[in-house]
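Here come two complexes built around subunit A, the first alongside subunit B, the second alongside subunit C.
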Partner chain A sequence: MAGMSDAELREMTQEERAKLLGMTTEQLTGRSLFIEFDPDAEERFTYPWAPDVDYNKRIEIDTDAMTSTEVNSKARSLMEEGYGTLVVQNPRGKHGLGVGILNRLNLIFDGSLGYFAVGLIDGPNVRIKGRVGWSCGENMMSGTIVVEKNAGSTFGAAIRGGDLVCRGSVGSRTGIDMKGGTIIVGGDTGALSGFMMQRGRMVVCGNAGKNLGDSMYDGTIYVGGKIQSLGVDAIEAELTDLDRKWLTRKLSQYELMPDAGVDHFTKIVAGKQLWNYDNLEPTEKKLIL
Partner chain B sequence: MCGIAGLIHRGKHSNVGFEMTAMLQALKHRGPDSTGFAVYGPPNPGDYIMRVKVAEAEDIDKGHGIMDRIADRIVKVDELLEEHGAKIKSKEQITPYALRYVITHDGETEKMAKQIEEIDGAEILSMGSGLELIKDLGDAAEVSSAYGLDEFDGSHAIGHTRMATESDVDIRSAHPYWAFPYNDVSVVHNGQITNYWIMRREMERKGHRFMSDCDSELLAVYTAHNLANGVTLEESLRRSISEIDGVFTYLVATKDQLGMAKDTMAAKPLVLYESDDLIVMASEEVAIRAILPEEIDTYDPYDEEVRVWQA
Partner chain C sequence: MAGTQYRGSDIKDVNQFLDDSQGLESKREKEIGQHIGYRYDVNLVPDYDRITPFLQKYMETMGWDDLNWLEDIHMGYEDGNAAVFDRNVNGWVRVPDTIALPDNQQDRDMIARELLLKFQMSDRHPLVSLRKAYTKF
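After this line comes the complex of A and B, so read on.
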């Protein structure tokens, strides 16, 4: 990327940019994306085409009569103009709002959202004053999402990084296939939460439904209330001082710290009888051993 | 995918036809093939409203004397009603193939209904003192406009937008299903029933009829069977979770109740809003927002959840 201007990068096709950024199809390591940041880029560790926004530049948009596509296009053009704080009014449960934002941004939704809200994001801080439908924050890479009310199923599916917080209760399959980051639920979560979880941490302050952590590879789940049942290969582990400190810090950060503290939380991890996520592939073993 | 919706006003009436139209139009993207409504007006003691179709929508374009055959079928329906002692108070031909009768009848409606359905091409979509079941090809606005649903005063309603996956795009496979022959009971469903044929054969052995190959019809027949045997709606919904396999969320409406059930995997969505005088539910929040634009609290029912509300 060194020596290339943002304008030149914008001119390139998605495939050319992906190659330049080092996106490969390496099967063995399981890592398909790495970005070599430009040391000359004044510590601007963002995507080269990401707009440079100013948090103090704020705008409100009424989306009542707009489609999801129009809302997202409008948000992009406003970011291009340097707006760093967007307040989206009257979202009315629309689907797919705020997806694919790859730059820093304060994004506030003054209402409720539908499916696939703010998925595939890498960087913005999002506050949703209402509730969200299924698959909120799916595949998010970094940033924060705070939902003030309830959320639907598959909350934080395949999340890779950042903090995804719901102050209310969420549906089923929360954090399914999560690969990193933190999911915090202030209320209850439904069945099969943490299903096939690979990395990251999930905190449920209330109760968890049946088959919690089913077939999880790795990662940690903390539950403050009752667990209806554990899934296959999910086991209880000892809550350590490090866990307590981390829980206290995270829950305090989002004002979800229970009055009773965190000592009552149950810690769930993978039994690693089904899978061992960090096992080397046979071909890798041959190379190393 | 399919979209389902339901609403019930407690202790009052409203324009449920208009409300359900708005909700289903917002769910059009979940199922553009056909749209159906089961709306419940004030009960008319002694009267029955019968919605019947005498051909499929696509038959009309096929010609071959279809209009003559439709006319013959309507005459046969009228004759059978008379034969069973039913008095026709009014008869409207809403579309070339869909009719609405208001009849008075003192006897058993089941035998009469069965004989009407023996007429080639005829299917009773609903019968009851308050229920009116309308379904046709097209989106909610089109169906509502064709059947005059924009002004329908009632207490509750359920509806469905269908994306055909396992059976044809036709009216017989559209929802809602009337729980034949149980008056005033209708069902809408989103999901797949994997023990459909086992359950269907079981129901057929018990004497129940199926008009389509759509798995959702099973839920209507299953509910009718339970209700006819003295099982309450809530208990029927609970039993279905263990007796019916697959992924499903479905709604059942009776003359004064609305119920919901979600399967053990909770794989099909439902969002619920509940207040003292109104309960609204739909596959997606966007449908609820179509009639309640103000900020409200909604939630997703969990796996194996069963709820029943009284009008």
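After this line comes the complex of A and C, so read on.
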């Protein structure tokens, strides 16, 4: 490399320069697990380890004097006993309630919750009859969460699947880094909502704050009200008939369908100008160093 | 290199990545030898008129009015084969050749959802072994 002139280096392709340095490139595609589906697999709707619960088997627990860990452990043991509907009384804004539930379950919180409420869940239907703090539904995999009042910032951070609904308004950075699923906000959302969104759908019935969808890679944001400003690489797209049909179904389902319908919604997607796919990039960085 | 404009090629046909497994079209894709972007439309919302009885039964069992997390599941294409990405193992799972593929992405997506669901809930899913080895509670 030292013996090469700048002109000679310029004439080379990136790959030739990398090879000259003795560096190899990495093929990022074709990393299959080589597992095939079994077309005759048994019909099953819950994980093999998940306890069998009955939605009609209902229990109420008063959590006033319990810690978050005690409440979560209690919920697990009740599922083992077959309870499918659990009503949590007096949650009193405790943090981390209802996290990590990987089974179908009707979970009702009769009050407000603190930070990281019902994060990492995979299956349950949760109703929160109050407000929630930061990061409600963080890393949620599947299921539904309905918050009756307002929610704090980073609502649905890194959500991967399921429906996360807030009937009121939410703070900033809603759906930050979301990788799937649907976030629905009945009211307004704060600044930087959909920041670095990668997949999934966000529906805001009210207004959206500054820098909506900043640096989003993919996914879709629908806004019914005004957008204060769009973030870097977030662009407006055409609302299709399929979008209208899906929005109508989804919003009606959660009784958030605006009187004016869905035609006025603005659809925001990624402009895909920030995409950076280059399997030689690590080599280039080494060259600079 | 962050901030560069590496636009991928558009998806034109449902069989595009079955007929041409590499799918290198744009100048940049040919240069780096890698297709840019997904091999299917990740933003395609499901058409509920095409839902299958199995998926309907799943929704009822879970107490959901829609496909929930399965709305994000699509049939993709890897190395010229139909495949579905399983987030729980972070890899592609192939669709056997014995399964006939419909001529549109919506119906293919419904098949992908059925196959993935049955696989994730089965004893042969890698998560079962991982859980046995590493579960804490």
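Note that in this section the second predicted complex is superposed on the first by the 232 of 289 C-alpha atoms of A that agree within 3 Å, B and C clash if a C-alpha of one lies under 4 Å from a C-alpha of the other, contacts with A are read in each partner's own complex, and residues count from 1 in each chain.
Please note the rule applied: contacts are C-beta pairs under 8 Å (C-beta built on N, C-alpha and C of every residue); 3 or more make two chains touch, one makes a residue touch a chain.
This structure is a prediction, so every number in the text was calculated from the model and none was measured.
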item: A:T144 touches, of subunit B and subunit C: first, second, both or neither?; value: second
item: Which of subunit B and subunit C A:W275 touches, first, second, both or neither; value: second
item: First (subunit B), second (subunit C), both or neither touched by A:S153; value: first
item: Subunit B versus subunit C as contact partner of A:D218, first or second or both or neither; value: second
item: Superposed model, subunit A: greater residue contact from subunit B or subunit C; value: C
item: Partner chain(s) touched by A:T182 [first = subunit B, second = subunit C, both, neither]; value: second
item: Contacts of A:R249 with subunit B and subunit C, given as first, second, both or neither; value: second
item: Which superposed partner A:R17 touches (first subunit B, second subunit C, both, neither); value: neither
item: Contacts of A:R167 with subunit B and subunit C, given as first, second, both or neither; value: neither
item: Contact residues of subunit A, present in both the subunit B and the subunit C interface; value: none
item: Subunit B contact footprint on subunit A (complex, rising order); value: 90, 92-95, 111-115, 129-131, 133-134, 149-150, 152-153, 168-173, 190-192, 209-210
item: Residues of subunit C defined as touching subunit A within the complex; value: 1-8, 31-38, 42-48, 54, 57-58, 61-66, 68-69, 71-72, 78-79, 83-84, 87, 89, 91-96, 98-99, 115-124, 126-128, 131, 137
item: Sites on subunit A touched by subunit C in the complex; value: 13-14, 27-39, 41-49, 55, 76, 104, 106, 123, 125, 141-144, 160-163, 180-182, 199-201, 218-220, 242-243, 245-246, 249-250, 253, 269, 272-281, 284
item: For the subunit B and subunit A complex, residues of the former touching the latter; value: 264-267, 269, 271, 284-286, 288-289, 293, 295, 297-300, 302-303
